[in-house]
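The same subunit A turns up in both complexes below, where it pairs with subunit B and then with subunit C.
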Partner chain A sequence: MTAMTLTQSFVTALLQIVVLALFVFVAVPVIVFAERKVIGYVQLRLGYTRIAGGLHGVTGGLNRLMWWMGKLPFFSILRGFPSFIADGIKLFTKEDIVPEKADWWVFHFAPAISVVAAFTVLGIVSFSPAPLWTWPAAVPIVGGLPFAGVISDVNVGLLMLVGVASVGVYGIVLGGWASNSKYPLLGGLRSAAQIVSYEVPLTFSLLVPVVLSGTLNFTQMSQYLSGAPIQTSAGPAQMPALAILPLFIGFFIYLTCGFAETNRVPFDLPEAETELVAGFHTEYTGMKFGLFYLAEYANMIIVAAVAAAFFLGGHHFLPFGLQRFIPPSVPVVGGASFGWFLLWMALILFSYLWVRATLPRYRYDQLMHVGWKWLIPLSLANLCLAALVRYFA
Partner chain B sequence: MFVFLEFLVFKTEEMEINLGPQHPSTHGVLRVKLRLDGETVVQCTPIIGYLHRGVEKICENKTWFQGQVWTDRMDYVAAVTNNLGWAEGVEKLFGIQVPRRAHYVRTLLAELNRIASHQLWLATHALDIGAMTVFLYCFRDREAILDIFEAFCGARLTTTAFRIGGLREDVPPGMDRMVRNFLKAFSTGIEEYETLLSENRIWKKRTVGVAKLQAKDAVALGITGPVLRAAGVPYDVRKAFPSAAYAEMDFQIATRPEADTYARYLVRLEEMRQSARIVQQCLDGLPEGPVMAKIPKILKSEVCEVYHSIEAPKGELGYYFVGEKGGANPYRMHVRAPSFVNLQALPKMTEGNLLADVIAAIGTLDVVLGEIDR
Partner chain C sequence: MENALAFIGRNFFLIFGLMAVGAAVAMVFSKSAVHSVLSFLFAMLSIAGCYLSLQAEFVGVAQILVYAGGIVVLFLFVVMLVELTRFKEAGGIFHVQTPWAVVAVLGACAVFIYVFRGLIFDPASKDALVLKPELAQGLDVASQNAQAVSRGLFAEYLLPFEILSVILLVALVAAVAIAKQERA
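Take a look at the complex of A and B:
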């Protein structure tokens, strides 16, 4: 690759950002649709098949579209998906209410903080091992340059991820506080305590692959999990077979904490609908609420991406470093690809929905109990195990 | 000595918060005023009356026949048992003998309604605690019961199922098949609820030992129904003062000694099973004969008073009638609504616990505001 000019690198990054943002804006409606559909299947019902608004105007068009989709063989499963257009229109056009006694600045900035933190983190996630495509030479400025699967392949990727992602909690806390209302305040405080508590075991469990491999970089981690030798600043490393065990334990700790970090069932206390009405975003309307919503789903995508990259084989087929048993020469399953990463992400996201349909919600003190008395000691022990594996192998 | 460091100490104050009347988990329009210290409840004051329609006063201006319509609208998820209490109370007042077949049909419908009411309770209680799938499973099975009611009297919720002196009409053809189908579906349905909840760690954490109400306190507060039985007191009006066909039925009173939310959950599940047994017995032993006694077109009372109570899904539902000479309507009518009495236990159950337990406690008491406010 020839050195890029400043303009070229700037434009490349900008294009990547646009594509990533579009990816998220498409992925979120897909997840929302999948959520309704998966829960619908668990609960033996159809999910939604039409939207309010009858047969006139935009909603009418969408209803007609959904009706036709129901007639077609494959699309009948996707019936209901077009309603995300209606959701979007609704969020953008709803009256934007700011409570009179709210702190105007904080109230407006809180959703932005959440969403900016979430999107920033996505910028360092490596979605694909190889460039997704190369721009044809005819394209001005970027012609002939590759389009990489990661915006910024930071060598301290994980550190940055944990650091930036934890800023997102400010959005929730400040949003709850700035609303100047009691339910949001309780929701915001709950969330502060919850996210701070679960950040600790989350980070400890993420340290397991870091200790084993000696890298914080997404791309290198993926190579390490495939069993290939890697060269890190901490020296060369190759995955020993024993490392599968701490990775396996660490994954489940990570996933549990990930559920808590994203305020999903069974840890959805900050927005516990039946207790706190809607928690921290009770007073938010329109697109400001939409941003919180977007941030929550973007955070789910991040948790899934990190789990895929650091525990489930990254861009490879088999999880927990089991990929080592498949030689790279085997077609499809032997290689690294964008598809495997998306597949693992999708499976993690599915587990979110599955759990949501199955489990009740913890109580606030029980949540703390689980976090501090179980997950933190467990993740510490697992970290020690990983250190031993690294030392002796 | 370190008074000058006082500014370092955080000033805390208690927060007053209104749970309701518009709130997802207050089951209607219950308003609970809470004083919170952090998330701990310091004081809990239920405030009622948002659904007051003056049913008792209205019934004083309706004839003995017409009043039953208003009982539908009290505990609107268990209208049939409300109807049963009214009809039997009035029959007791006038000394009307109801045919045996009518008693059986009444018992059958009342027990089906108990199952429906408990299913609605389980659905909303589980949803309050965050388990959303049970909600839809319960509603799916409850639908069959509502269909049976519809087949019997044309209405699904506000049934006005009975007449003074028996039933308006005999059971429609095909209803016994509907009931048998329901019983078959229900036996697997209840297994499904149990699979999702009974041994679920989070469900047990949220319910075991939560919102305790010991037998002593429960009796002192006049609590009845599953809440009392879950505290180990085997009081059931169906056994203690049997009416309708309950004396001829073989069933057990479900009790648990633990007196917590989980015990109430188990008691209600067992009650559903027992109700299914009673329904089965009613169906198998349904006697032949008329369904309506001979009664005059207009009932005129003497000076009298009567109290009649039945076991509604929520507890002891009592009707108190006072008649005057030649009265075509009650001189005074009063309802002992189980939800109204049971709600008194809420402060006792929640004070000192956490906010989330208040939600569990409201759910486990199974209050219906239509009945509380009347």
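Take a look at the complex of A and C:
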């Protein structure tokens, strides 16, 4: 590949950002819709197959439509789709209220911080090992250039991820404070304490694959997990057989902390309705609330992507380094591809919904107890285990 | 297009530096304490941008991780929980200090320029700013400075590094002890 000019790399990066943003804007509604459906099935709810209103007029027509869709083979999946559309319309058209005594600047700034932090992190996630496509030569500026599956493959990728993700907490704290109302303030503080606490075991568990492989880079990590030898600046590294043990434990610690970081069930204390109305976004309406919502789901996508890249196969079929038992010459399951990454992400996102449908919420002291007295020591012990594996293997 | 981008690329340090200075000024002069903390956050992020533009990726990202993600959050907690309104009604806490602060800042600038004039204006002094090459044997420092920094910290200067962390721990324990005494 010849070196790109500055203009070409600039335009390529812009295009990648647009594609990534579109991906998130498509993926988030899909996850929300899937959430309703999955929880409906798990908890045997009829919910989300009908909307408010009777059997007359517009709502009646939609209710009848959904009932009819449920009888058809493919369209039964889409049952509930009209009310999902209605949710979206409501979000966009709702009156945008700013409380009179709110701090105007901070109130508007807070949702933006959340979203910007989430999208910035997605910019360093490597979605695909190979370029997704090559632009045909007829395209004006970027003709003939590859369209890579990662915007910025930085060599301190993991640190960048943890750092920028920790900036996202400002959105929640400031949103709670700027509303100038008691419940949002309490919700914001709670959430910030939760996120700051769970960042510690989260980072420890993420250090396990880093200690094992000696790289912070997403692409190299994926190669390492496939069992292939990699060449890091700290020396060559290849995955020993015992490495599966710390990786396996670390994955579950990471997933637990990931649930807490994204404020999801069973750690969704910031929005504990029975105690706090709706937590930090009580006073937010319309699209500003929508941005918080978008940031939460974008953070879920990030957790899923990081878990896939650093613990599961990355771009490969089998997790935790089991990929080595499949020779690369085997078609489809032997190689690295964008599809496997998406599949792993989808599985973890499904586990989010699965957990939400089955587990009750922790009490606040229980949450802190689990975080500080169990997860932090456990993740430290696991890190020591990883260091021993690295040292002796 | 190409020239404009190259110009911006050459001057990233200047852009981020000006942003940091602007945010710092806003931090000092804003009326609300939370706005001050926000400006401080912005200044910290701009300084991280400065480090990144100097190809010190590790330091830049550590700046975001430690300052923007950790320390400023604590600042924000304190500012949000401590009522500062009574100072506001009394005409501002900073008003008395302003003339003295300006004098102190100007004095500090003069001293800084006097001490570092050789480093800044002498073209031969550029070498002093480069990381010690013997620390980074076999490493491409510009692209792998996470490894270079870790070699410095955990191999070359292990003892000073550990002593420093003990000093920080002592400060933390002392802070807790003082706070406990006041409550009793």
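Observations on the structure shown:
Here is the rule we use: the second predicted complex is superposed on the first by the 360 of 393 C-alpha atoms of A that agree within 3 Å, B and C clash if a C-alpha of one lies under 4 Å from a C-alpha of the other, contacts with A are read in each partner's own complex, and residues count from 1 in each chain.
By definition in this document, a residue touches a chain if its C-beta (ideal position, glycine included) is under 8 Å from a C-beta of that chain, and two chains touch if they have at least 3 such contacts.
Model, not experiment: these values are computed from the prediction.
Once the two complexes are laid over each other on the shared chain, residue contacts for A:10 go to subunit C alone; subunit B is not touched. By the touch criterion defined above, A:57 lies against neither subunit B nor subunit C after alignment on the C-alpha atoms of chain A. By the touch criterion stated above, A:143 is placed in contact with neither subunit B nor subunit C. Contact with neither subunit B nor subunit C is seen for A:229 once the two complexes are overlaid on the shared chain. Shared-chain residue A:328: touches no atom of subunit B or subunit C. When the two complexes are overlaid on their common chain A, residue A:216 makes contact with subunit C while staying clear of subunit B.
Contacts of A:339 after superposition: neither subunit B nor subunit C is touched.
Applying the stated touch rule to the two superposed structures, the subunit B and subunit C interfaces on subunit A have no residue in common.
Taken in their complex, subunit A has these residues touching subunit B: 39, 42-45, 182-183, 186, 190, 265-266, 268, 272-275, 277, 356-366. By the touch rule above, subunit C contacts subunit A in their complex via residues 1-2, 5-6, 9, 32, 34-35, 38, 41, 45, 57-58, 61-62, 64-65, 68-70, 73, 76-77, 80-81, 139-140, 143-144, 146-147.
Across the complex, subunit C is touched by residues 5-7, 10, 103, 105-106, 109, 154-156, 159-160, 162-164, 166-167, 169-170, 173-174, 177, 185, 189, 192, 196, 199, 216, 233-234 of subunit A.
Within the complex formed with subunit A, the subunit B residues making contact are 15, 17, 23-25, 39, 126-133, 136-137, 140, 196-197, 200, 202-203, 205-206, 354-357, 359.
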